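In what comes next, chain A is part of two complexes: it sits with chain B in the first one and with chain C in the second one.
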Partner chain A sequence: MAGKKASMGGYIARRLVYSLLIAWGILTITFLLLRLGPGSPADKYLANIAASGRVRDIAQVQAAIDARYGLDKPLYLQYVDYISNLLHGNLGWSLSTSLPVTELLSKHWIYSFELIFLSTVFAVLIGVSIGIYSAVKQHTKADYAVTVFSFMGISIPNFWLGIMLILVFSVKLGLFKTYYDTSLPLFSLGNLKAMTLPVITLGSGMLAGYSRYVRSATLDNLRKDFVRTARAKGLPERTVILKHVFRNAMLPVITIIMLDLSGVVFGGAYLTEIIFGIPGLGRISFNAIFADDYAVVVAVTLIGAMVTLIFNLLTDIAYTFLDPRVRYV
Partner chain B sequence: MYKISRNLLFAIVISVIIATMALDQFALKEKLLPPLGYFYVFFSVFMLFYFVYPLYRNQRLTLYYWERTRKNKLAMLGLFFIVFLIILAIAGPFFTADPNYVNFEEKNLPPLGFTTSQSVYDRDTGSLRNAEIRGTWKHPLGTDDKGRDILAMIVSGARVSLQVGLVATFIALMIGTVIGVSSAYFGGAVDNVLMRFTDIMMTFPFFLLLVFIVFIFGADLTLIILIIGVTGWTGAARIVRSEALSLRTREFVLASRALGASDTRIIFRHLIPNVMGTLIVIATLSIPGVILAEAALSFIGLGDPTVASWGRILNAGQDNLETTWWVAVEPGIMLFLTVLSFNFLGDGLRDAFDPRSEL
Partner chain C sequence: MNILEVAGLKTYFFTRRGTVLAVDDVSFDLRKGEVLCLVGESGSGKTVSALSILGLVDSPGRIIGGEVMLDGEDLRQYTPRQLRHIRGKRIAMIFQDPKESLNPVLTIGEQIMEPMKVHLNLSDKGAKEKTLLLLERVGIPKERLFSYPHELSGGMNQRVMIAMALACDPEILIADEPTSALDVTTQALFLKVLMDLKKERGMSMIFITHDLGIVAEIADRVVVLYAGRVMEKASVWQIFENPRHPYTIGLLNSLPDIVKKKKLIPIAGQIPGLINPPSGCVFHTRCRFAQDICYRVVPPEEEVEDGHFSACLFRGSADIIKASQGERI
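Moving on, here comes the complex of A and B:
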């Protein structure tokens, strides 16, 4: 037992070090991409100054801006600046909104969180139930219906689904507003109603995916010996499914949900926020792109990657507690 | 023996293509093909040499897989739609109008069989009046708010989607295969470095990374294809690696090493042909993701503004949902059917290539 604990601690420590390494890789790749790109964060600013015609010597302004942003330094020093700024939690200054990026993010992250959280709850609750149901009823009409439905859910482009929902429920039926109302208090029934269409938009693809995973994981476990034993003991079918099959089937599903949450969901949330006008991180990054506001775009990309990294780490660590069979090599 | 001559022939053909491209890009005044065109030629030649020809040579195996795939009705339905889409993309633009032709006289026409009520300018009285507008045969899918024919835009969008889907997936799989196979075959430090790099790339949420790079480097169709290809290889690399790892210890590889085969020979003659089945399945299942990624980019306005991508039509349609709902509905249906078809086909192929599955 002691040996196991020690190796588990070592495993977690190794995972932590390893995650730091990946974090460093992410920062470095982002930095290199920024420097390789043809544009500069100051381009738009310079263009505005040049267009105003008030400044005669634009090269002087350019030099001043370069000095201010440290762009006149050698590349390795810029790199050191970049990393040390990020380590100090300084994400830069948003030119288009005239706010520090950290302040901007702290105002808007809650909307993304809300959307992703509600969608995940929606997708997990429904996806897991219909997944188990269709596995238990394998080869029935209901099972085929779930299979076809999940194929459709996976294939439907979520941004198109969002537009179609707006077209039907907002424009034609008038049940919802076509745009998210930001004046609503975050914890209110009205806000929950406003989130209905966005949650369906983002959640339906996740739901379809989960129901497929849960179905196949449940089918795998239904054939296992311990299920036969449980049935032979005379346990009611309900207990067999919920206590024996479900618990074992959920392990791989939890991993998939956690991994999905980071990779797939961020892209979906980005698009959903844009369609419905929800002022989350995706939406501010979208606005920043068209305002040439580099700092915000970089910050949102980095946050996406870092949250993914943390999720992966948590999944790995959670797994060591959930599944006693996992070996810590 | 044939293997060497095929590789040699392939090398010769590719050098001719590259030479023509270099000449075309730098020396000739009239461009023969855009850079993307050469991409496409290269892609087709590669597929001909390393996909169509092996299928033709191993007719029995090909027939066996075909029989297995054919049993899956949904997969056949998907294949049918994909073939239709390819024909549409190749031949369609010759029969439809110019997708960029703007004609305000015929704006906001509904699709055939639908009528809408719109206020139109009456030339005789010089005032606006309400009129019932009917869909016409001239524009079977209607027109948008600038009078562009939607059928023409959808046909040219099919071309864009397929180009992006096929070429970007091809690039991604090439990179994924090289990384996966070398990681598995050489192991040790090579494996460590390559897999850690894969982990880093995988930690970026794919779409955010895509948006980030397109934002930095600009939106040009060729560039977007390249970017999707260069960022989208991670999943393939992992799967190929695990396949190759299990193949590496199999008896036939050991036997061929005992007979004195070189690394290159083992990799090209044994490892890669044996992961080909998996690669085809991965390709079929990643194409829809790539098509969706490009559509999503165009949809948020980061796509190539010069091409009529389905995402771009959707973007335009989103703004006028109250009046011209069909502009947003039609390209979405095409996108949905395309993605669904590739998913159906990919699922069928996966079952067909999996010897353990009973059909």
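Moving on, here comes the complex of A and C:
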């Protein structure tokens, strides 16, 4: 056992080093790509000044701003500056919001976290339950109904679903506000209610997907010999399904859920935040892209990459606990 | 005294391509304390017969007729709940491939303890104590309690299966080709452990195999199955010394004999499809003695000598015996 732990520690350390290298690569690519495009973070600022008509020589102002934010330096020097700032925990300055990026992120991340967390809990609990149910009731009307709803859930794009939910439940029925109310305290029933439509919007696609994966994984395992053994032992069918089949069926599903958390959820959360006006990372990154606010876009991309890498690692670690056959050396 | 009586058992599989008559009107008795061997080729209905006893036939299979009398009570009239209390408690079963028949993500200790907790209401502590005794009895070191199936050899896993089957001291043990996945040396050890335990506990046993060597070794009585029907039923001596069915004779002729160095004579052809089984005697398509009448009449089982039943229209016919003995030298 001691040997297992030691090699596991080495494995995690190695994976962390790889993760940092990959994150650095993603950071570099994002940094360069943004600067390849037209426009500059100062553009909007300059346009405002020009529109005010108070300044004659706009070029002079631009030069001043470029000098102030280091935009006049050669690209490699900007990059070196960025990295050295990053190593000191400084993610740069957001020109469009006039705030340090770290402050901007620390104010907004909780909204994304809340949306993603609630949607995932919603999708996993319901998706897994109906997946198992429809596998056990294979080829019944209930199974077919679940199948139809799952395909609807998978096929309907969540931006459309979000808009339709607002139209029906907020506009027509008046059950919810049409926008997300940031004045509500985060841990309150009111806030939970405000999150209902966004969570359904983001969660329904995942839920539908999970129910399909769980259904097929459950069906696969129901056919296994050890299920027959469990039944021959006289175990109640409930135990056979929820203990013997479920534990095996969840192994592949956990990978999907963990990857979803980082990938699909991050992407879907962007759109959902924009539709419902939730001031999360997706929303600020969306605004930042339109304002050419390099520092914010790079920072949010970096966070997305780190979350993905960490979840991949956590998935692999989780496997050593869930599947005794998995060992890392 | 008969502890188990199977009478007129019919188990059909209702597939899209048609109804498979996997077990068609099979009857046999198990006497208290004896070893009854079910013998036949793959697809002869041995396993399905055994599974039918415990009501473990999976969809699309269904038992459509017959009786399974355990101590005078018909298990087919039992509710699923009542049947569950028979499984693992009064009739236990072990299966062909031990590695596949154990749950890969649960420790063997956990799997052996399960039936005790369900049927005997033992506490964790009590179940663990009993499990350690069982492990010791089947020759597995007690520190293996926390091992997983993939950490044990095939032979050890099969002994784990025995320990699990014996957890609640069943009266009847059904062993479905338990040795076919083991190599010869492991097989011998396994059979010794199994037979010792059977004697110790006075269990009755149904042993399914296609290995006539094992039959000669352990059987008291033998049921020869072919294409879902009983061909011959007799004591092990009668079967080997005085076979009274062309199929049994064929089986014995395809068995090598190192002393007599006789010629091996395989049975020509293959087991027929059971969606449209042959008319009359199901064996007529491969029987070298088949007459016109064999195509038309389903042979009834008739007693040819004391306790020896044959389902051949020419049972005991001098011609067949003469012809067959001519070949067996």
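Here, the second predicted complex is superposed on the first by the 277 of 329 C-alpha atoms of A that agree within 3 Å, B and C clash if a C-alpha of one lies under 4 Å from a C-alpha of the other, contacts with A are read in each partner's own complex, and residues count from 1 in each chain.
Quick note on the criterion: contacts are C-beta pairs under 8 Å (C-beta built on N, C-alpha and C of every residue); 3 or more make two chains touch, one makes a residue touch a chain.
Computed from a prediction, not measured in an experiment: that's the story for all the values here.
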Chain A as common anchor, with chain B and chain C clashing or fitting
fit
First, second, both or neither for A:H244, with chain B first and chain C second:
second
Touched partner set for A:A13, first chain B, second chain C, both or neither:
neither
Between chain B and chain C, pick out the one touching the greater number of residues of chain A.
B
In the superposed arrangement, which partner chain does A:P157 touch: chain B (first), chain C (second), both, or neither?
first
Given the touch rule stated above, what does A:I26 touch, chain B (first), chain C (second), both, or neither?
first
In the superposed arrangement, which partner chain does A:L322 touch: chain B (first), chain C (second), both, or neither?
second
If we overlay the two complexes on their shared chain A, which of chain B and chain C does A:R231 touch? Say first, second, both or neither.
second
Look at A:A145 in the shared chain and tell me whether it touches chain B only, chain C only, both, or neither; answer first, second, both or neither.
neither
For the overlay built on chain A, what is the smallest gap between any CA atom of chain B and any CA atom of chain C, in Å?
11
Overlap of the chain B and chain C footprints on chain A, listed as residue numbers
none
Interfacial residue positions of chain A with respect to chain C in the complex:
224-226, 228-237, 239, 243-244, 247-248, 251, 322-325
Residues on chain C engaged by chain A in the complex (per definition of touch)
54, 56, 58, 80, 84-89, 92-93, 95-97, 100-107, 114-115, 118-119, 148, 150, 161, 164
Residue numbers on chain B that touch chain A, as the complex places them
74, 196-197, 199-209, 211-213, 215-218, 288, 292, 295-296, 299-302, 314, 317-318, 321-322, 325, 328-329, 332, 335-336, 339-340, 343-344, 347
Report the residues of chain A in contact with chain B in the complex, numbered from low to high.
21-22, 25-26, 29-30, 33-34, 36-39, 151-152, 154-157, 159-160, 163-164, 166-167, 171, 178, 262-264, 266-267, 270-271, 274-275, 285-286, 289-290, 297-298, 300-301, 304-305, 308-309, 312
